Every structure is written in C-alpha cells, then in structure tokens.
Amino acid sequence: MGMNTNGNPVLTTTVEAFEKLINWGRANAVWPFQFGLACCAIEMMATASARFDLARFGAEMMRASPRQSDLMIVAGRVSQKMGPVLRYLYDQMLEPKWVIAMGDCSSCGGVYNNYAVIQGVDKIVPVDVYVAGCPPSPDNLLYGFMKLQEKIAKDHPLRSQKVLKELKTL
Amino acid sequence: MPIENYLILSGILFSIGALGVLMRRNALIIFMSIELMLNAVNLSFIGFARQLGDPTGQVIVFFVLVVAAAEVVVGLAIIVNIFRAKDTVDIDDIDVLRG
Amino acid sequence: MGSPPILAVLAVIVAKALVVIVVLLTAFAYMTWLERRLISRFQVRIGPNRVGPFGLMQPLADGIKLFFKEDFVPAGADKVLYYLAPGLAMVTAFTAFAVIPFGPPDVQLFGVPLFQISNPNAGILFVLAVTSIGIYGIILGGWSSNSKYSLLGALRSSAQLISYELGVGLAIVGVVLLAGTLQLPEIVKEQSGFFFGFLPRWNIFVQPLGFLLLLIGATAETNRPPFDLPESEQELVAGFHTEYGGMKFAAFFVAEYVNVITASGVATTLFLGGWQGPFVDQFPILGPLWFVVKIFAFAFFFIWIRATLPRIRYDQLMDVGWKLLVPLALLNLAITSVIVLIWPSLGGGS
Amino acid sequence: MPTLNQIIFWFFAFTAVASGIVMITRQKPMQSAIAFLVTLLSLAGLYLLLDAQFVAILQIIIYAGAILVLILFVIMLLHSHSGEGSTSKVPLQRPVAILLSLILFGGSIYLFASTDFGVASTPPSDMGTAQNVGHTLFDKFILPFEVASILLLTGLIGAVVLAKREREDSSNDAH
C-alpha cells in the first residue's frame, strides 16, 4: 500500500490524520500470539494476570491462531529445532505484525551460548522490541510493550517507502 | 401465476433430480438428487393446494418431509457403513452383495 | 383515514431495519467491551481502560485494527465459499432478530408497528429456521479453509448445533402450548398481569424447567463457554475460524455476539415478559428500555458463566444434549400438555 | 409489465433450476450440497408465494437445517475420499441418462399441457398458517400422523443399529 500526496498540503494533512487514526487503532488493539517457549512464558502469563494486567492496554486477547494475532512475544530460548516452526508461524501472521524478543535468550542467546540454541531470534524474524532480563519481570515486559505502542504510533501505514524517503531528504 | 408454471418447474426439477441419479456415481450426490426429486413433488403438491384452496396438499408435504428425514438418517448410516467397509462411495465399485 | 401511502410504509420498514442493524452493531461492539471489562473484574484485574474513559473506545480501536489488516486467502482454499461463509454467518445472525418484538405493538406509524421489524405467522419458528441456516456459515468456513483444525471445529459445531437445536425447540414448544400461538407479540401479551397480585405473570414462573433448558441450549447454540468446543484453543487452535483474520474474522465475531443478543432476546420474550415492565402501559416508549435491561441481564449472565465454568469435554457435551436436555424437555412438554388439557384457562389455546 | 409476484416467481424458479443443474454437475460433493441449499431456499420462497408459509418455514428447518446438515456432516467425515472414480463401469451412461431424463421431462410436460386445471380458487385468508395446517393435520390425518411418528422411531432405531454394529467389530474409527 502506498499513497503519493505530491506535496499537496491539504492531502498531506488528511493522510496524516488518517494515519494517526489507524496507528491509534493498531497501537491500542495489539492481540498477542501465545508463544511461550521457556521460563519467560511464566512471566508473560504473570503480565496478563491480576497484578500487572496487560488487558489495560487492550492486549489481553491472546489468540491461539496466528491469523488473528498481531504481536508475537517470543518468550524463551529458541532451539534450532524450534527456529523453522517460529518462522513458519511468523509467516502465517497477517500484516501488520510485530515481534517482541522477551528475555536475554531470545534477544541474544543469553546463558545458552551453545550449538543447540539460536543466538537471538532476530536471526530468523525481524524484532521490534528487545526486553532484557533473565527472565524479565512483568513490569519490564509491560515497559517493552509500551515502547512497541510508541513505535506503532510513529508508523506511516498509508505512505509508500519511496515517499517516506523523499520526506526525509527534504 | 397459473399453476401450470409451477407444475412445469416441478417437472424440470424432477427431471434434473432423475438425471442426477442416473448420471452421477457418487452416492452422496445421488442421495441429494433423490431429495431434489422429493422436493419437486412437494412443489407440485403445494401448487395443487393453492389451486384447490385446500390445505391437504400442504399436510402431504409435511408427511413427505417426515419420510425424507427418516430416509436420510438410515441412508447416511448405510453410506457411512459402506464407506468404512470399502473405502469408497462410488456406487460403481459397490456391485457385490457382501461386505 | 385512508390507507397510508405504500412508499411511506416501505420507508418506515426500511428505517426500522436500518436502526435495528445499527443498534445491534453498537450493541455488539459494547458487548465485547463489557465482556472484557467484566471478565477482568471477575479475575481481579482492571480490564481495558487506556483508550477513552473506562476504555470505552476499545471496540473502535479493535475495529480499526481489524479493518486495516491484510486481506488473506489460504492456499488451496475454496475461494467463493471462504468469502461467503463469514457473510452468511453475519447475515443470518442479524436476520434472526427481525421477528423479536422490543416494544408494545400499539406504537405505530402509518399502521406499521414500530417496535418489531416483521411479525410473520410462524413467529418463533422463523428464529429457529434462520439460526439453522446460520450453521452453514460455520460449516462452510471450516470446510473451505483447507485446514484440519478448521474442519474439526466445523464438524464439532455442526454436531453440537444439531443436538442442541432439538432441546431448544422442545423447550420452546412448552411456552407455545401455554400461549396458544407462535407469534411473539402475542406470547408477550400473554405474560401481562400478575400472579397473586405481586408476582409478574412471566413464563419463567410457570415453566422454570423450560427456562433452564432454553438457557443451557442457547449457551450451546451460540458456542459460548462452557460449550465453546468448536473453537477451543487448547485443542483446535481457534476452531472453524482458525484461518480467518482481519475483517472476515471480525464478521464471525459479530455473528457470535449478535447471536448471543438474539438468544437473550428470545429468552426474554418467551420467559421474562419481553418488553413488559412498570409504567409501560402509560408510556409505551419505556418498552424498549425494559427490553434492553432484560437483555443486559442475560448478557451479564452469559459473561458470568464464561468466567466461572470450565469447558466441558466433548462426550460430556453430547451426554448433556441427548441424555439430559432432550428427555427433560420431553418431560416438560408432557407435563405442560397435561396441565393445559385439564386447566385450559392457563393455556391460551383455541 | 410483470407483477411483483411474477418477478419473484421467475427469480426463484431460475435460481432453483440453475442451482439444481449446478448440484448434479459439480465434482466436489460439498459444492453440490451448497447448490442444493440454494435450491431448497428458493423452493421455500416459492412456497411463500403459494400461501404456504408454515410449510416454507418447515422446509427450511427440516430440510436446510437438519437433513442437509447431516449430509454435509457425512461429507466432511469422509472428506477427501468422497469423490468418484475416474472411469465409469456402465458404457454410455451419460448419454443414456440425459436421454431418459429428457423423455421423462417431455412426458411430464405433455401431461401438464394436456390437462385442464380450471381456474384457481381464492384460498381462505388463513391458508397455510400454522393454525390452518395444524387443524387439517390433526382433524383429518391423525392416523397417518401416528404412523409417521412410528416411521421416525423406526428410522431412529435403524440408524442406531447400523452405527452400533460397526463399533463392536472395529473400534478404530469411533469418533
């Protein structure tokens, strides 16, 4: 999708207003995909439950189907065997989609510096937010999630990459 | 609308159903074609009921529905049994009288 | 007073239908919000509260997000049926509401009752017919996705819906016997007045067993927990809509919640006196208000049940349907017929 | 200028015939079943035109809501194996079938065309309502009604027997 506004100021403001609306919708309705792999998953569950309550940000709709979810929280170390599965599920998610690498292991391999574990999930899928910690506490994940919301709010869903590049050079 | 239109439509539908029974070999589609023939007859019954101003025709349709329901239940059970024994629902492959 | 112009009548009917559709869509949106807030409360959480006051804009954000998702058809899917299925589910969900009266029939414009879209002679049977068409949305969605989870979900739901339709139908027949008519406004009128001067003459007090059976059956028919086996995520990913995302998934979502509202409406009409309540005789406009209040009570109940009960096993589901619901509904029917026979004043039969 | 009734009739008649033809020509039974659903719905519409609203609703509840769903259930159960073999064992099956059904069609048309049905009577105002059909059913047809219920019971027991015998000698495909 892309839209060329040709420098028309009225059109540009309208497109910007629409983009803001879309971004607002996307940022406040991020449905996570259940992808707990190891100990971090326990902290992820804690984030969704009573004390921390991810639901406040409209993100408690944990969907089991990749087709209906927007955010993959990779919670735990990704073994070499899990890698292809993770990539497969990521490909099955519908655009736009985001990934949070939760914990040291999924960010960079963490303590598992060996042949069996993929050294950072960003080797197979693009990661938007890295959350440090082993495991990160729920408030860390919440902070990462809010960072992701900020990132989504800065997106330009209606403008093509070419136009964005031109805007930057101006 | 004159009743002839409804009767001719019913005739067309009945012929389509008969064609399906004669032409297809898939037991399930043959089954549905038989249902189509029953429906065509139902349509003419309803047409006659309207023509004569007598609800008896509609009551007959009610009975046809009952018979169709019973037929479907038993027929589908038989088809599933045949499928379990022979692994096919093509009636050309079911030409011996034993399991 | 001559007969009103046909165009005006048509305009009134169309306007009625449009208003009902818009109201139902809004009700759907806020039912998702209510469900998320209430379940959060039941689980000692807070629930969506960041967008708008009390998170009231949450449904809007969800809608915008789903609307701008990628449009997608799985490989090997039957494209026509894949697109048809969510539409079918949604349309039938809305259509079923057409015969439910949400206000007194005396309020008329150009001779058209304002508080009911249509009043066919078959009345309650129309609801059953339309919901039975609604099954096709689920079956087609599950089959056309070309996925084994979807297919299993569709198989489960078709078996479940057929089983529970029987119990629901039989439970409804008890009320129909009492009222002596299939038309819903007449059934509501039948329930006006009081027992012993204080107890409203609602069918729930005459037919408590029938009400209970209808409630269980309606929960199962609308695929709500604890009967949400067609979409149980622990076993079937997301059941029949596993392969659906974006707006097509939203359509299934709308269908599910509108079905809940319709089921609540039917239960209200049949057992809780429909739009009847204090002061409706003096101010007919209060009718829809009472109706909404009663529907809200049902919606709250359905959400409460969801937060409380665990999902039952599939064989238990079938057991409840065939070994409990149907025999009890038959018993209820037999008792009701005997009572109506020996005490005709209770039943309105001609 | 056709009346509204005529437009509706031609619409439903055309859909019924077209979906009927689609039904018997599709390769996949699922598509056939959906075409049959369309036929059933348009027939229900025609029943409405013929002052038979109760039967129209029954048609949808029983045929579309129960019978066809059962058929679909079996189609999904058999899934990929429910197709036809590629070769027919009967020679000339298709041409003979078409010929025979054309003869049937011609015969029925001849029959309808050569009969004088007279003028349509004006039906009573409550024609086809639940009350009307119910009174006719229980005043005149109470014995057939009981026989029908026995038939249903027989069908029920028959289906149970057919399904149960299977479970005893092979337990691998119980679902």
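A, B, C and D are the chain letters, set down in written order, and residue numbers restart from 1 in every chain.
Basically, a contact is a pair of C-beta atoms (placed from the backbone, for glycine too) under 8 Å apart; a residue touches a chain by one contact, two chains touch by 3 or more.
Quick caveat: nothing in here was measured; it's all calculated off a predicted structure.
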item	value
Interchain contact steps from chain A to chain D (minimum; 1 if touching)	2
Chains linked by the largest number of contacting C-beta pairs	B-D
Gap in Å, rounded to a whole number, between the CA centres of chain D and chain B	6
Distance from the mean Cα position of chain C to that of chain B, given in whole angstrom	33
Computed distance of Cα centres, chain D from chain C, in Å	28
Intercentroid distance (Cα basis), chain B paired with chain A, Å	55
Of all residues in chain A, the ones touching two or more other chains	none
Residues of chain D touching at least two other chains	54, 58, 66, 70, 77
For chain C, residues that touch 2 or more chains besides their own	none
Chain-level touch network, classified as line, ring, star, complete or other	line
Listing of all chain pairs that touch each other, if any do	A-C, B-D, C-D
Touching residues (chain side chain A, partner chain C) in the complex	21-22, 24-30, 34, 49-50, 53, 55-58, 60-61, 63-65, 67-68, 70, 94-96, 157
Residue ranges of chain D touching chain C (in the complex, touch as defined)	30-31, 34, 37, 41, 53-54, 57-58, 60-61, 64-66, 69-70, 72-73, 76-77, 79, 129-131
In the complex with chain D, residue positions of chain C that touch it	78, 81, 120-122, 125-126, 128-130, 132-133, 135-136, 139-140, 142-143, 151, 154-155, 158-159, 161-162, 165, 182, 350
Partner chain A, residues of chain C touching it in the complex	36, 40, 43-51, 55, 57-58, 60-70, 72, 233-234, 237-238, 241-246, 249
Chain B-facing residues of chain D, complex	5-6, 9, 13, 16-17, 20-21, 23-24, 26, 29, 32-33, 36, 39-40, 43, 46-47, 49-52, 54-55, 58-59, 62-63, 66-67, 70-71, 74-75, 77-78, 81-85, 88-90, 93-94, 96-98, 100-102, 104-105, 108-109, 112-113, 117-118, 120-124, 127-128, 132-133, 136-137, 140-141, 144, 148, 151-152, 154-156, 158-159, 162-163, 166, 170, 173
